[in-house]
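Below: a set of structures, written as structure tokens.
In what follows, chain A forms one complex with chain B and a second complex with chain C.
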Partner chain A sequence: MVLHKIIMQLLHFVIVLLGISFLTFSILFLSPRNPAELWLAGSDGNVGMISEEAIAEQERIMGLDKPFLVQYGTWLGKALQGNFGISFTYNTPVTEEIAKHMGPTVWMTVISLTVTILLAVPLGVLCAVYKDQLLDNVMRIFSFFGISLPSFLTSIIFLWFFCIKMEWLPVISKGGAIGILLPSVVLILQFVAKLTRQVRAIILEQLEQPYVDGAITRGVKFKNILFGHVLKNSAAPILTCISIYVGLAFGGSAVIEGIFSVDGLGRMAVSSVARLDIYVIQGFVLWVAIVYLVVNLLVDILSAMIDPRIKYNRKSGGGS
Partner chain B sequence: MKKGKKRDYAFGILIVLIALLILIAVFAPILAPNDPYNTDLMAAQAGPSAQYPLGTDSLGRCMLSRVLYGARLSVFSSLLITGIVFCIGVTIGSLCGYFGGIVDAILNKVITIMQAFPQIILAIAITGIMGIGIRNTIIALCMVLWVDYARLSRSFVFSVKGRNFIKAAKICGESDLKIIFSRIIPNIIYPLIVNASLGIASTIMEIAALSYLGVGVEEPQAEWGAMINLGRNYIQTDLKMVLIPGVAIFVTAAVFNLFGEKLRDRLQ
Partner chain C sequence: MVQEDYILEAEKLYVSYNEIDIVRNVNFRIRKGEFLGIVGESGSGKTTLLRALMMLKRKNNDIKGNVRFQGRELIGLDEESLRRLRGMEISMIPQNAVTAMDGTKTISSLFHETICMHRDGKIRRRDSDKLASQIMEKMRLEDTGRILKAYPFELSGGMCQRVMIAAAMINNPKLMLGDEPTSALDVTSQLQVIQELELLKSNYQVSMIMISHNLGVISRIADTIAIMYGGRFVEYGSHEDIIRHAVHPYTKALLAAVPDADGKISKGLPGLPPTFEKEMKGCPFASRCEYCIPRCRKELPEDVAISLTHRVQCFRTKELQDDIA
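This part shows the complex of A and B:
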């Protein structure tokens, strides 16, 4: 039975990864820009200067003259052997390029998610328990700012204040822990604003359940109800909520890494999109997808461990 | 009773504010004191004056005019995108949720695949690959955002389709399409509308983020994100180039967010 589940899980992984690679490949194929032309033009962008013959020759070398499915098949075949192609702009293998930029982004994601969870979960619980009181109202205003301010705007204002006005931190990051401090803070503020509200809503929903009334009537202390039942029942949905933030952290870092001159994956992705460095884009997209799948799997397993009512299987049904 | 009245009051103000934003967007060409694309290098990075009420940017373009034209672009595009993805998503989600079967299984995989990576990254990839410009930005965001509505409406249909009134309609011989569009969708539409009104705010911010990254609108299009991108190079000397479009994004997003939250309170 366990073996069956593992096989189903792997099958699911394979289907999702195939789907994603096919989707990005189709978009790349439909692009009005020609990668062969861009390859020949290099970074100069003098695309018009190159002869038709040279482009056709380059298309042949890159395999772009073949039908779509053949191209996809070729890429897939190589990818399965661990060869994800070579970056147009750096002439290095995609895997190397990703490994080089992974550090700062992974650290930013780990740090911001850890701090977010440590702050937002207790705050959300407190806001739910002391609903409509001072803390709840303060957090409501904070959340409101958090969801209405785009991260790149917050980042620029932070950069201005901490690096230019106060000169506490260098404007151009030299890498290391100092370099990812501010971008992590930006992500944390944004995430805490969102997650606190979500945790609050989940806890409130639990507090309205009849079993809470029942326990109060029986004279069970509120503290015991909260820690013994409400939090236990809320853990799984909160965990599911948190898993979404891994993706948000990648998206957020793509937008703000450039501002803080962090040499991470997000910045790499954005600049490779601008140069249509298709194999790097493809590699990045797959990397994000794999992280997402692994995190989701972990969340499913953890949820099943916390709450025995959840049977361990992929939530393929309607639940949102 | 008193509380209800107070809430209506706030709701009314928000409707007025949204109407005001839309009016600003519609009448931007009349309200703008200058041509937003007219460069005046002699007056570059000037402070507020009678001619340029909010000063000028690094190319000497009128900040106020650019912000007003930016409202036009942001408000209209986000309303358009939200409208499109709402219709497409709800239709696909409801049909799949109702009929089930192989198509629904495929949709469910598509939803999982689309959720597997952050929307903004997918949108960056699509616009970057298809080419920069507002048309492609709108297409990219539509391709990314319909999934949310499909997922939500699909799960709502699941919870409604077993109810007695649907069974009754079936026994009475109503066609499946009639059941979907006149029985099921009216029953699930309210939470979806709330989602859409909150979606407008996030779409505005996503358009701005894409333009900020240089994959949204084309230069010299007056757009808030693109204005911040330009202003970013001048934060040491002239913070207003970031702050003015920044405030515009914040206020617009805030109004639509508050509207969505109030709508949720009212409809639930």
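This part shows the complex of A and C:
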């Protein structure tokens, strides 16, 4: 039964990935700019100097002269064998390009998510338990700023303060742990601001549930109600919230990576879009999609392990 | 000491939300093994009263007056002392047992927790399961092994309610409060729950206070019946007093509204229950009462004792009594 579910889920994965790859390919194909032209222009972007023949020749080399479906089919056929194409810009395989840039992004994600969970979950619970008291009010102000300040602004303020004014850290990162320190902190501030509020809302909603009243009338201590019942019932929705941040951290930190000169996946994606490096973009989009799908699957499995009602609903096809 | 004869006494009890009194000047006391049924429409303050007897407070909720449990004043008692009473000396059967149980925990865990919370030492799951099985079997529940392993959502509503009653009884409480325990159930399950409560009454000598909007259900098991309207006990008396010699126009209207065997209701009650306001003038039932006189709209009627057990809040008690005679 469980195996059947997982196989069905994997099948669902394949369909989603096919859909995403087709959609990305179509959007890139419809772009008014020509990758061959951009390639020939190089970094100075002097398009006017290049002859039509040169462009046509370059298109032929890149395989862009063929009809759309043939291009997509060729890419898909190779992709199924593990070959996701060659980057126009770097002339290296896409997988290699992604692997090269993955390190800093993965580290930033792991660090920022771990710290976020360790901070935001307990803070959210405390804010709910001590609702409208000092900690809750302080956190409300913090969250207000954390949510409303755009990450690029926070990044620039950090860069100015820590690297220029205090000179504690280098302005241009040389990679390594120091390089990802500030961008991770920016991510953490942003995530903690949001997740704390979400956890608080989830816990407050659970505290209003009839089972809490039921436990009080049975003489259960508040400590036991909170840790034994409320947290267990809140686990599935909290996990779902966290899963969204995993995707955000992997795919959405392009701006922060750019500002702090971190050579990560986000920055790679942005520069590939600028050069219309189709296969790299395609690879990046697929990578983010896979991360989302795997994280969602893990959340589903974990939630079902924690809350028996979820398993039950699936077994009976929904409803209890 | 007269007080010690009673399990629970409420005197001049007022319960308010946002400074508006929902329960107004409620007085009663019940003895060991006595079953008090409180009947009223939705919005009459029944649930608010029942929660107040267990000192369950919500935000902006204030309880005033006296509530004594075995002579001990509950109002103003610290939270830990109240916790020790809840589930041990006073337990409650909720309206909807399925939602009142944590859906992520088994029935076995429910019993285990309820026992553990009132013991100094820990108790093994095996031992708590044994105690739970014993009490459930006494309640005539079958297949207790399966029930203990089940999650609440795997049991029917009626079964959950009966399990909840067993869980409420696990620590041998002196007083049991029932918040319309039959209202969410089908007729067959209702009957089973009522039979279970009758069993508790006869075998365990536990005192019970049960609220319901269904006079039929209450009249079947209650020794004493209180009729609640607008947050007040408008009539209070023994089963006989209320069912045979009702005096208050509202009680009469309720009795007339109980369907007969053919499902026919001889007479309904027009109008709506009163809305609660800060200052309430006159008798809360005045606007719906066919016996209303100008005085009813200006003054609040106080208790008029008809007999040792029977009291009514109505200015025309004497005339209405003569009517019956």
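As a convention for this text, the second predicted complex is superposed on the first by the 308 of 320 C-alpha atoms of A that agree within 3 Å, B and C clash if a C-alpha of one lies under 4 Å from a C-alpha of the other, contacts with A are read in each partner's own complex, and residues count from 1 in each chain.
Methods note: a residue touches a chain if its C-beta (ideal position, glycine included) is under 8 Å from a C-beta of that chain, and two chains touch if they have at least 3 such contacts.
Predicted model, so just to flag it, every value in this text is computed and none were measured.
Participant: Applying the document's definition of touch, where does A:K232 land relative to chain B and chain C: first, second, both, or neither?
Facilitator: The second partner, chain C, only.
Participant: Kindly classify A:N224 by the partners it touches after superposition: chain B alone (first), chain C alone (second), both, or neither?
Facilitator: After superposing on A, A:N224 lies in contact with chain C but is clear of chain B.
Participant: Touch check for A:K174: first (chain B), second (chain C), both, or neither?
Facilitator: It touches nothing on chain B or chain C.
Participant: Looking at the overlay, what does A:H4 touch: chain B (first), chain C (second), both, or neither?
Facilitator: neither
Participant: Per the overlay, which chain contacts more chain A residues, chain B or chain C?
Facilitator: B
Participant: Under the stated touch criterion, which partner chain does A:I306 make contact with: chain B (first), chain C (second), both, or neither?
Facilitator: Second partner only.
Participant: Do chain B and chain C touch any of the same residues on chain A, and if so, which?
Facilitator: In chain A, positions 320 sit in both the chain B and chain C interfaces.
Participant: Quick check on the complex: what are the chain A residues that touch chain B?
Facilitator: So the residues of chain A in touch with chain B come to 15-16, 19-20, 23-24, 27-28, 30-33, 144, 147-153, 156-157, 159-160, 164, 247-248, 250-252, 254-255, 258-259, 266, 269-270, 273-274, 276, 278, 281, 284-285, 288-289, 292-293, 316-320.
Participant: Sort out for me which residues of chain C touch chain A in the complex.
Facilitator: 54, 56, 83-88, 91-92, 94, 96, 99-105, 110, 113-114, 117-118, 151, 153-154, 167-168
Participant: For chain B, which residues count as touching chain A in their complex?
Facilitator: Per the touch definition, chain B meets chain A at residues 97, 108-110, 112-113, 115-122, 124-126, 128-131, 151-152, 154-155, 157-159, 201, 205, 208-209, 212-215, 225, 228, 231-232, 235-236, 239, 242, 246, 249-250, 253-254, 257-258.
Participant: Give every residue of chain A touching chain C within the complex, in rising order.
Facilitator: Touching chain C from chain A are residues 209-211, 213-221, 224, 228-229, 232-233, 306-309, 312, 320.
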